[in-house]
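Two complexes, one shared chain (chain A), two partners (chain B, chain C).
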Partner chain A sequence: MRSKNKAERNLEKNSMLRETFYRICQNKLAILCMVIFAIIVILVCLAGVIAPQGYDEQNVSNAFKTPSLQHIFGTDNFGRDIFVRVLYGGRITLLVSIASTMVATLLGLLFGCIAGYFGGAVDNVIMRVMDVFMAIPNMILAIVIATTLGSGMVTTVLAVAVGSVPGFVRIVRAPILSIRTSEYVESARAIGAKPAFIIIHHIIPNIMAQVIVQVTLGIANSIISVAGLSFLGLGVQPPTPEWGTMLSQARNYMMRSMYMVTCPGIAIVLSVISLNVIGDALRDALDPRLKN
Partner chain B sequence: MLYYIGKRVLLMIPVLIAVSFLIFSLLYLAPGDPARIILGDDAPESAILEKREELGLDDPFLVQYFRYIYNIVTRFDFGISYATGEPVVKSLLERYPVTIELALCCMFMMIIMGLPIGILSAVKQYSLLDNVSVTIGLVAVSMPNFWLGLVLIMIFSLRLRWLPASGFYGIKYWILPAMTVGFSNAASLLRTTRSAMLECIRQDYVDTARAKGQSEIRIILHHVLGNAWIPILTVIGMTFGRLLGGAIISEQIFSIPGLGKLMIDSINMRDYPMVRGGVLMLAVSFSVMNLLVDILYTFIDPRLKTQFAHRRFRKRAS
Partner chain C sequence: MVQTEALLSIRDLSIQYVTRDMGCCRAVNNLSLDLQKGETLGLVGETGAGKTTIARGIMGIVPNPPGRITQGSIFFKGEDLLRKKKKEMRKIRGDKISMIFQDPMTALNPVDTVGEQIEEVLKLHQPGAGKEEIRQKAVQMLETVGIPGERIDEYPHQFSGGMKQRIVIAIALACSPELLIADEPTTALDVTIQAQILELMNKLKGEMNTSMLLITHDLGVVAEMCNRVAIIYAGEVVEIGTARDIFKNRSHPYTQGLFNSLPSVTGEKTKLKPIPGAMPDPSNLPAGCPFAPRCGYACEKCMAEHPELLPVEGEHYVRCWRAAEEEQHGIAAG
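Then we have the complex of A and B:
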């Protein structure tokens, strides 16, 4: 291995990633939330290993049981284990939320970069279209899209994603407006780099910090939207367990069992809180100037 | 000033036209033949063809769209409901006040919970109150309101039997829905108020005011809050729009006969003219509300006002 000179070592010590990591480690709440979210993800991924019985194993004589060693969250109206259903439901909820955030991020990056980099008429057209999407409250837009496309997992992804695209476009476009006139972009253009190259190699790395923060917070919002849409019966359909669907079914049995309502809800709240805290911590760590 | 307001109002028109076009085309693509939905599945083919002719469904898409807009603009006619056969606008106007009432209740709840606590926790930063309210704020922002609604019903209606779980007939019925939706919005108002206040509280003019010997209350309310209004108002204004959207879920939980419940019921019955009308109405209210907030800014922030007052002058100078 070649020996590094002092300047190189200093540079490495001050690398953005390392500095960010160091700052996050000082935020105890963020660490706690990362651990919580990691546990949720691991539990959800390993649902099949942790819970040998299936999420749709019914046993009507065993319905509305309170928590016990055998069923740690109790059982629902069909005698299905609520804990197992929360685990499997988490798979769907988290998967759909993450997928929709990814779709929104990609579209947001694409349109945001184009609008910010080229400016002028292109920018105007893209931003006016975004204004139109912003003029409709997110939930209503999602409901209309879900109505048109019919319910199901893929349409839920799309319905939730479309509403969050304008937010991403704005987040991406704003910093590009100043980056576009910076010297390194100008010199890249001067040596004949194509717009696509400049966007990918010079602009996107510079806005990555904002994008990562927005993605984290975006997933948190998506979880609420996805569960909300399913709660209304327009998202993921029963009997597939999904946190929102489970809550919607629990509504009819609130007198009989409080666990049907509380358990999926707590799962949602825990995931959303931890993602929100992680997002805030990332924002503070990536750009300390923003910290108030 | 008038120039600015006029410009904003005019700019809103193309947005609304685009919104109506978007909603119309999305629901146009929705599955199901309207004629078959109205007449039922076992209607004879000839009757369905006749109905399609009557509804103008065989016309090109754009013709249908322009007819729809023309009818709304000239006669305020949103079409006929597939389910009841009555004009859509009648149901919409019947349900709309309920949704607005609910939104106002939530706004009231949000402001009385969020604003004072936000101010207090900024004034006493890092105190116990601040820490507790920031933590509760974080939890509340992360709580989906459909879950909070169910939990509140479970506690206050089913266990304690203090408040009714559904309907919308009087103050007693308003408390739970207003708390459900108001709570999470109060939390975001709290966070915004706190950070906006903190930004102003360390400014030099606050020290100056204190040096002049002004009372602490006047400093907080006049010098600090007076300058922190913009972000706070933005949140309040934007919340109204979110309330209209969020109303759909809370109206569903508490069976409140508002626009949101009407829409979900109509979606389930595939009564698309009703859905279209409801969505348009909510989107228009949302845009109008945002416009009002923008105009309000110019009244509370003199900096914006002078910017527009000198606009013509600046243009001439350049």
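Then we have the complex of A and C:
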């Protein structure tokens, strides 16, 4: 009885995923952006294969070269290949921004669920603290944290994450306010479930759609923040390539070689735009009511 | 009203909702009830009478804030549920006492399969059981309520309203509870499905030897299901007795009003006689009988003094000055 329906069951189980995927497929721009972002991620992951020599191979006699077949983005002031540095830099930028978004998501889920589910005084305390964080511009908050804790990858992750926690808390809390009064939550309580069980099994699955969208958009914002911090010299330190750091160094040679600034800049712009478009498309696909 | 034998006995229960702008809303006032083992007790009353709040009070899930149980006790098998710790209550909920909710459309979580939702209650209350064992039990429960076991991995939206209510019943009965609280289990369903669901509940109740507290405003449902009936008005019992007492010898003017507002199937077509007015505002209850402002027989005593629950005959009690006096003078009420 059970084996017969296995294929059918799998199809049913994935039906929401399938439907979402189908709706995204109708959005041509979103497909293009997904392809672009996938290519960026794949290239960045394969940096070690494409350029096994590493990112800091110098050749001063070969400095400031314009793009050629050998150096497709040209070379920088030390004669290092910009394309290779963009690839290796992407590792850091993407890793740090994804990590900080994950930290923000976890903290946001934790505080958002507690605030939304328990309500009352707990809610008030959490939300007022979040309001304080929201009142401070993200970039300034990140700069303060980065300067206090010193520069480095872990600090950058934290600095960027703290600023985006309030957004996640709000996104998580709002739908919980309506879900917690729903009858299935009440009936879960009526069968003797603990609050933690209810939150994990009944509430979080119901807000995943909103969270996924926010994560996608959050990574895009984090890329800008991480690059911004590094540009100001507070994030990842040279010689480790990072898109923001590369921009910052290239600034001095902007008049002499435009490729040094343009290439990491384009990398940032492409990743951020494609993530934003993907996020918007996901939101439309996961919540069809918004469209009509 | 013997306290020792009853499965559930509620004494002087008061529940209030306190909000800043509405003041204190007295939803349940000094309510006492007894439920014997194996019995079905109907709680009847109009919207806002406090029926659901009573059910929530028994389950210990009065939303707090704003809800608060201000006094009284709820004895379940001799133990006071209101004195129990949260952890002990969680063990009782779903296992010994379970609840069927009004609207099956919203009582199931849309993102979980029905199987997962039936297994959930089993997992919570039978921690020793293996995964396969729990799944088999869930399939078995599904078949008990008349749904093919193969549908266990489907989602709530793939079922009709009546089937969803069957699933809710399966969840409620999965641990063979001793007390089942059914909060208007058929209100959201159409009439033919209503009959099926009631029949199913009656059958399973008999098989599992469960007692039932049936909350409804449908007197037809009461006639079909209940041994005893309590009429609730403004958070208190105004009349309680066996179903026969209530249907044949209704004493309280409110009960009479309820029956007068039912259309007759056999008699000639007449205009229905609804009860004039509306329920008193529970945040501002009158000093005397809460029904007095709407009652055709109300006298000065009714306005001033709050009547006690007085015996009519046998197990039949009524909270009305007039009915009690008539009884004393030996005149049949109604």
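We adopt the following convention: the second predicted complex is superposed on the first by the 278 of 292 C-alpha atoms of A that agree within 3 Å, B and C clash if a C-alpha of one lies under 4 Å from a C-alpha of the other, contacts with A are read in each partner's own complex, and residues count from 1 in each chain.
Following the convention adopted for this analysis, a contact is a pair of C-beta atoms (placed from the backbone, for glycine too) under 8 Å apart; a residue touches a chain by one contact, two chains touch by 3 or more.
Note that the structure is predicted; figures quoted are calculated from it, not measured.
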Next item on the list: Going by the touch definition up top, name the partner, chain B or chain C, that contacts more of chain A.
Entry: B
Item checked: Contacts of A:Arg18 with chain B and chain C, given as first, second, both or neither -> neither
Check: Is A:Asn206 touching the first partner chain B, the second partner chain C, both, or neither of them?
Finding: second
Margin query: Quick check for you: in the superposed arrangement, does A:Ile273 touch first (chain B), second (chain C), both or neither?
Written below: first
Notebook entry, point to check: Does chain B (first) or chain C (second) touch A:Ile140, or do both, or does neither?
Noted result: first
Next item on the list: Return first, second, both or neither, reflecting whether A:Arg256 touches chain B, chain C, both chains, or no partner chain.
Entry: neither
Next item on the list: Would you check which partner chain A:Gly192 touches, where first means chain B only, second means chain C only, and both and neither mean what they say?
Entry: second
Checklist line | Intersection of chain A interface sets (partners chain B, chain C) | finding: none
Next item on the list: Report the residues of chain B in contact with chain A in the complex, numbered from low to high.
Entry: 14-16, 18-19, 22-23, 26-27, 29-31, 138-139, 141-144, 146-147, 150-151, 153-154, 158, 195, 198-199, 241-242, 244-246, 248-249, 252-253, 263-264, 267-268, 275, 279, 282-283, 286-287, 290
Item checked: chain A residues within the chain B interface of the complex -> 128-129, 131-133, 135-140, 143-145, 147-148, 150, 220, 224, 227-228, 231-234, 244, 247, 250-251, 254-255, 258, 261-262, 264-265, 268-269, 272-273, 276-277, 292
Margin query: Per the contact definition, I'd like the list of chain C residues that touch chain A in the complex.
Written below: 59, 61, 63, 65, 89-95, 98-99, 101-103, 106-112, 120-121, 124-125, 149-150, 153-155, 158, 168, 171
Check: Residues of chain A touching chain C in their complex?
Finding: 1-2, 5, 9, 12-13, 120, 181-184, 186-194, 197, 201-202, 205-206
